[in-house]
Each structure stands twice: as structure tokens, then as C-alpha cells.
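In C-alpha cells below, several structures.
Next, two complexes with subunit A in common: one pairs it with subunit B, the other with subunit C.
What follows is the complex of A and B.
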């Protein structure tokens, strides 16, 4: 038992410290690294709570997948250090302090005064709760409906993301360009004169998709030339 | 043994054993890694019709130590505008993430040691060993990505970006290629998975095992994605020397470079161990039941086969282009891995129903 408490103090302290650092850092990448620290510390806490499966999932999903994307985007955009600005909503500071005081007081009350009435936290069947088999069985029998609904939700997010990304890349560009008074927008001119417009993040495939889109929208001179070019290019 | 148990209790003895085992495993793995580097240089030289390093010691046998000394005595250079803290942190993350998974691999059956008694040759055996390996591997990408970012050099940044994009993409097919084996074994415990592959004189490996689907497809997908995960030829775009000088570790020198170098080879070693454990029966082989010590040699032999395969590929194949790499990962490997999962699940369903 003392070992558990020692580990709780170490990893709990690490989680709190990293969380504070995550909020306080002005460099977004440092914030991201601190957040990874929080996730790792939380995973270790799950381990001490005899929930190894949850711990592994925490590392794989949050530290290993989501935060990699966050770090990737920060690196890609080369986000600068945030400049320190005067606070806009000053009244929020006392509100935050007040709410924090209430929270801490509540926790202290529960731990000290309410201690007598508190039922003993007896974890039922500790050895089974967090294991892979029990989590799997639970997910696919008792909680099948919430599980499936969650997957549909994630699928919706996926479809939404793809829709948004497609609209800005292909259709959105063409529509904006067409909406410009006078018809011939710079990018379309460049496209019909044979140069390929390359913007950051474009791959060959998106370039070709854009060309096809322009052809489909009835660019007068484009179709024959583009067709030939693509053949040559291949 | 009884004396020790009386003093610190059974739990303490187990903890002490694991502590000793972990340190021993690190030393052994680092030695093997050092000689993998030597083997790589000699075998590449053989493939290319050269001699390779053969001057230090008999046939170059002391070359790894000469290299290590050189790494230690080189000057440590930190670029002026590097982000210092992250610059130091990155190689530490890389080597830690590389070394952590090696403790879960079972490298031999239960043997009878003098003075100690029955010992299973695995350092830490737990319920989620496979997930643990996957989780730690997925954290390893930070070492490379942060190194690329913190060096404040365009080549490093390009290398880091390429590495993170590549590792995220291939992690998916890597994870999915293992699902087939997990479905057939019904456990994530690596020791149990190896034990299940006994029978047929120790040749009932998952790659040819008839209950469920033989995991040949999964094995091929795993092998390819594992090469991509470790950034080896033909997937070594993060350090493509013709384009990016040395990629993410361009600005690293001396021991910090050595850490990245070691991390790459330790990663090679761990993915080879995982392939051996999951697909080629781990320490299983003919006559292991009669002579348990043979298991260690079978395990090492299979792992060394994979290491040789890596070196062989490096001497043979040219590098991918980046769009080819992404297309191959997302449009070919991922569907094939999914197909393997679906086929295995279907076969399992019909077999379990009968």
C-alpha cells in the first residue's frame, strides 16, 4: 500500500505540474509536450489503479496518435511564441479565483468533515475490472449500443472533416475564382496557360483533381491541352 | 533463495529479479545492437564487393568499441538557435522509447536453473504486453519529430515532418496486421501467444497455423510496415542523404547522434522480436520440450534472420519517393491489413460455430 501512495504522489504531482506548465507556456510546442506529459502521468495513475488496458489505450490514443498530429501541425505551421497581451475580460480573473476556492473547499469538506458518513471505497473484483477481456466483454455485450453510437459519431466527424477539407481545396477555390468579376481569375489564367499552380500542401493528385474540376466547369481552352499534358506527364 | 525470500518476501524477490533482468536485458540488447551495426557494415560491403571494416581486432570484431570511443570523444555541438531543452530531450525520448518494449518479449521456455528453480525466460509478463509495445512504439515518434523541430534547420525539420507523417501512416497497418494473430490467440499476453504455437514438434507457428487463418498475409503486411516504422531502406525518407543531408539528426553530433543511431538499431531489434514472437513461434522449435535451453537459440536465430533481412534489403532496394510511400501505405497496405482482419474473423466465426 505505501508503494501505491508513493507512485500516486509521483505521478499525480507530474500530472498537475505538466498541466500547469501546459497552460503557462507561451510556446505552443512546449504546451503540447507538457500535455503529452500529462497523458503519460495519467496512464501511470491508471496502472496503479489496476486498469492496465485503460492505461495502454490512453497512451496509444492520446499520446501516440492525437498529440502526434498536434505536434505535427505546430511544426508544419511553425507557430511562433504567443505575444503577451493585456487581458481582455478582466472580470473573469476574480470569478476564476472564486470558483477555484469553492472547488478546493468542497474537496476539503468531503475529505475531512464528510469523512465519517462516506462509505468505504471498496473496489469490486479489483483483479478483473480493468483487464482487456472484461473491457471487451462489457463493450460488446452490455454496452453495445453506446459503443456503436459512439462509432457512428466518430464516422460523422470523419465525413465532416473530409467534406470541409474538400470544399476548401477544390470546389471552394474554383467557386471563389469564378465569382471574381470579369471571370478570369489569376489562378485560372495560369492553369490555362499551361503552368501548374502549386500551393503548399498540394500533391500531384490534388493538382490533377483541380485541373479536372476546371475542365468540368467548362474552361474553353483547357480540356484538350490538359488531356495531352497529362498523357505526356504519365 | 529461501534466505532471500524470508528477508524481503516473495514480491520483493520478484521485483529484484525483474530489476536485474531489465538491466541485463539492456546490456545484452545493446551488445547485440553494436554487433548488428558491425554486421551491417560487413554484409553491405560483401553485397557491394568491398571489404568493410576489418582492421580493429580479428576481422573487425572490436570495431563497435572503437566507434563508441569515437562517439564519446567527439565534440558536442549545439546549434546557436536550437531550442535547447527540446534539443536535449529528443534523443532521450528516442532511446527510452526504443529500449522500453524489450522487457516483455519471452526469449525462452520455462527452464530449471540451479539455486533459483523454475524460471520463465521473460522479464515482465502481463496482460496487455502487446498493447504496451504498440503504445511505447507510437510514443517513439516524438523523439524524431522534436529533434527535427528543435534543431532549427530546414533539413532537420523536413526530416522530422516526413518521419512523423510516415510513422503515423504505417502504424495503422502495423497495428491492424497484428489483429489477426490476436484474434486467433485470444490474448495480448506475448508469453501465452508463444506457448499456443507449440505442437507439430514446435512448428505450429501462427504463420502456418490452420485453426483460423494462417497469418501469411498479416506477416507480410507487418514486415513491410515494420520496416517503414523503423525508417529503414527502402523507407528511409526521414534521413534521405541525397535530399536532406542526414534528415532529422543533421544537427546532432557525438553521443547525442549515437543515441539516435542506437535507437534506430534497437527499434530494428524489437520489431524483429515482435515478428518472431507473433508469427514465427518465438522460442518454439523442434526438441524444445526435451531441451528447453534450445529455445533461446531458436529465438535468437529467428531474430537474427530478420536483422539480416533488413541489411539485405538495404543493400538491394532503392528508396521510395514520398508520394509513392504515402500511396503505398494508405491505398495498398491498409486495405490488405483490413482484408486480413475480416478474413481471419470470418474463418474464426465458422470454426468456432462448428
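What follows is the complex of A and C.
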């Protein structure tokens, strides 16, 4: 038995086993660890396919960057085990099983009946397709435009992620607070210039500043404040 | 090398497991990881075809797919954090209306 077939059986079995374990686990952290196992197994399969560059990128980007991000979010949100509550949409379970059966049957049909007439393509003699030099040459000559478009996509994702994850509510209050204090109530600013620094995430400091503002300006600003606080409290 | 069909079959099995996971899981982070699994299954077919046909284009496509997956991870996890901040829950059954 050639070595590649043995490696395919080992790492293919590892990939399928880790994927099944990922779906079966109820704790998201265990699922994440199983998914890292799938990524490592796939990287080994890429090595058997003579693609060392893609294998290295798979380990670095997927098992390194993306899974660290996922594990970080799981721990940040303190995601507990899924409660074993009854599914509200019970019909989804047979639907899932049926769709999986159809998909497997379709793939098996294509691989046995449809692909039997065609012989396997012969791998090229010199296996320099997957090396870093050929990948880099292709990436920076023929496929330069997709590469640059990808960099724009990364920039957009960066801005979008920061916009989604920051606390817009408190930042708005703090900016308004600073503007009002600087313009309309100079005496208040002079009195409280010691603790004038309000960081966007510091809700206690902004709350005290808001209270001082309301006392200084009377009840005029109160309805707007109540509205914002109600929205936040929901 | 192992036959090309073996790699395609393994990819189909992995993709199917990902689809089943997206359908039966209720935790939004777990669903997110199942989507990553589906992306990886497709990458395996790309690399297998690229290796068997001796053409580097498939591996370049895998490179692009990985970049898109990284961008998707950043934005998706930002959405998950915003969702958790508003709902105090990661269960997708809780998030069935657009307004708060």
C-alpha cells in the first residue's frame, strides 16, 4: 500500500471524526478544539496532495488566527453549555437527516456512476505546482487584480468589525457631554476640571457627569436622557 | 497518490456534516464554526483538483477563500458580540425579530 493512501485513510478519518465530534459537542469550546483538529487533518491532507504552501497557510490562518479569535469570543461572552431545551422547531431534525441523505446520495452517484467513465487525470511528473514560488508567481502576475481586491475587502472588514463591536451609545453621550460643558456651562467645567477625562467605556464617570449636567441645566435635558436610558436598559 | 474520487468523497462528507451542524445547532458560535467547516471542505476539492490537473489556479483560489474566511470571521464575531450585548443570549431562537 503506498504511503499516500495510508496517510489519506489516517487523516481523512481524523477529519471526519473531529467534524462529527464538533457537531456532537454541546460546549462551544470543545467544538472549537474539535474544529482545530479538522483543520490540522486537512493541512496534512494538503501535504499529501503536494501543496505545502497551502498547508502552512491553513495552519497559520485557520488554526492560528481564526480559531484564536473564535476561542477569544467564546471566553469573552462566557458561553456556557447549550441548555438541553426542547427544540421549538421539531420538524427541522428529520429535515436535516433527509437533506444529508440526499446530499450523500448525490455525491456517491456522481463519484461512482458519473465519474466511472472518466479515467483519473495523471498527476504531473514534477510536483512544483504547490510550491511557494509558483503560487506567488500566479498570485502577483495573472491574478493581481483579485489579490488587490482582497486587500480592499480586508480593509472593509476591519472597519466593519470595529464599528460593530464598539459601544456607540456611551461614546455619543460623552461627546455631547464634553461639548455642552465646554460651551454653555464654563463654571461647571472650571469646578470639575479635575475629573474631566471621560473614557468612552467608563459608564460610571459618564453617569456622574450626566447627573451634574442635569442639575446645572435644569430639567430641560431630562426627557432626552430618559429616552436614551430606557433604550439602553431594555 | 490516492484516487481523486477519494478526496472528493471526503470533501462531500465534511460539507454534509457542516450543513447538518448549521441546521441542528442553536448556538450562534457553533453555527459559525460549522460554516467554517463547509468552507474547508470546498477548499479540499480545490486543492485536490489543482494537484491532479497540475494547475496552480485552484490553490490561488484557496488562498482567496481563506482571506474571505478571515474577513468573515472578524465581521461575524463582531455581529455575535453585538447580538450578545443586546439579547444576553447566544441562542438563535431568541433573535427572531429585528427590533429590540
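Keep in mind that, in the parts below, the second predicted complex is superposed on the first by the 154 of 234 C-alpha atoms of A that agree within 3 Å, B and C clash if a C-alpha of one lies under 4 Å from a C-alpha of the other, contacts with A are read in each partner's own complex, and residues count from 1 in each chain.
The definition used in the following text is that a contact is a pair of C-beta atoms (placed from the backbone, for glycine too) under 8 Å apart; a residue touches a chain by one contact, two chains touch by 3 or more.
Here the structure is a predicted model, which is why all the values come from computation and not from measurement.
J.: Touch test for A:165: subunit B only (first), subunit C only (second), both, or neither?
T.: A:165: touches subunit C, not subunit B.
J.: Quick one: classify A:144 as touching subunit B (first), subunit C (second), both or neither.
T.: A:144: touches no partner chain.
J.: Between subunit B and subunit C, point out the one touching more subunit A residues.
T.: For subunit A, the partner with the higher number of touched residues is C.
J.: Which of the two partners, first being subunit B and second being subunit C, lies in contact with A:12: first, second, both, or neither?
T.: The second partner, subunit C, only.
J.: On the A-aligned overlay, A:132 touches which partner chain: subunit B = first, subunit C = second, or both, or neither?
T.: The answer is first: A:132 touches subunit B but not subunit C.
J.: Taking the superposition as given, does A:105 touch the first partner, subunit B, the second, subunit C, both, or neither?
T.: A:105 sits against neither subunit B nor subunit C.
J.: Does subunit B (first) or subunit C (second) touch A:69, or do both, or does neither?
T.: In the superposition, A:69 contacts both subunit B and subunit C.
J.: Name the contact category of A:50: first (subunit B only), second (subunit C only), both, or neither.
T.: A:50: touches subunit C, not subunit B.
J.: Residue overlap on subunit A between the subunit B contact set and the subunit C contact set?
T.: 53, 57, 65, 69, 76
J.: What does subunit C use to touch subunit A in their complex?
T.: It comes out as residues 1-10, 12-21, 23-27, 29-30, 32-34, 36-37, 40, 43-44, 47-48, 50-57, 59-60, 62-64, 66-75, 77-82, 84, 90-91, 93, 100.
J.: Using the touch definition up top, name the residues of subunit A that touch subunit C in the complex.
T.: For subunit A paired with subunit C, touching residues are 2, 4-5, 8, 12, 15-16, 19-20, 22-23, 28, 31-32, 35, 38-39, 42, 45-46, 48-51, 53-54, 57-58, 61-62, 65-66, 69-70, 73-74, 76-77, 79, 82, 87-88, 92-93, 95-97, 99-100, 103-104, 107-108, 111, 115, 120-121, 123-124, 129-130, 134-135, 138-139, 143, 146-147, 150, 153-154, 156-158, 160-165, 231, 234.
J.: With touch defined as at the start, can you tell me which subunit A residues reach subunit B in the complex?
T.: Touch list, subunit A to subunit B: 29-30, 33, 36, 40, 52-53, 55-57, 59-60, 63-65, 68-69, 71-72, 75-76, 131-132, 203-205.
J.: What residues on subunit B touch subunit A, complex-wise?
T.: 83, 86, 89, 126-128, 131-132, 134-139, 141-142, 145-146, 148-149, 157, 160-161, 164-165, 167-168, 171, 188, 323
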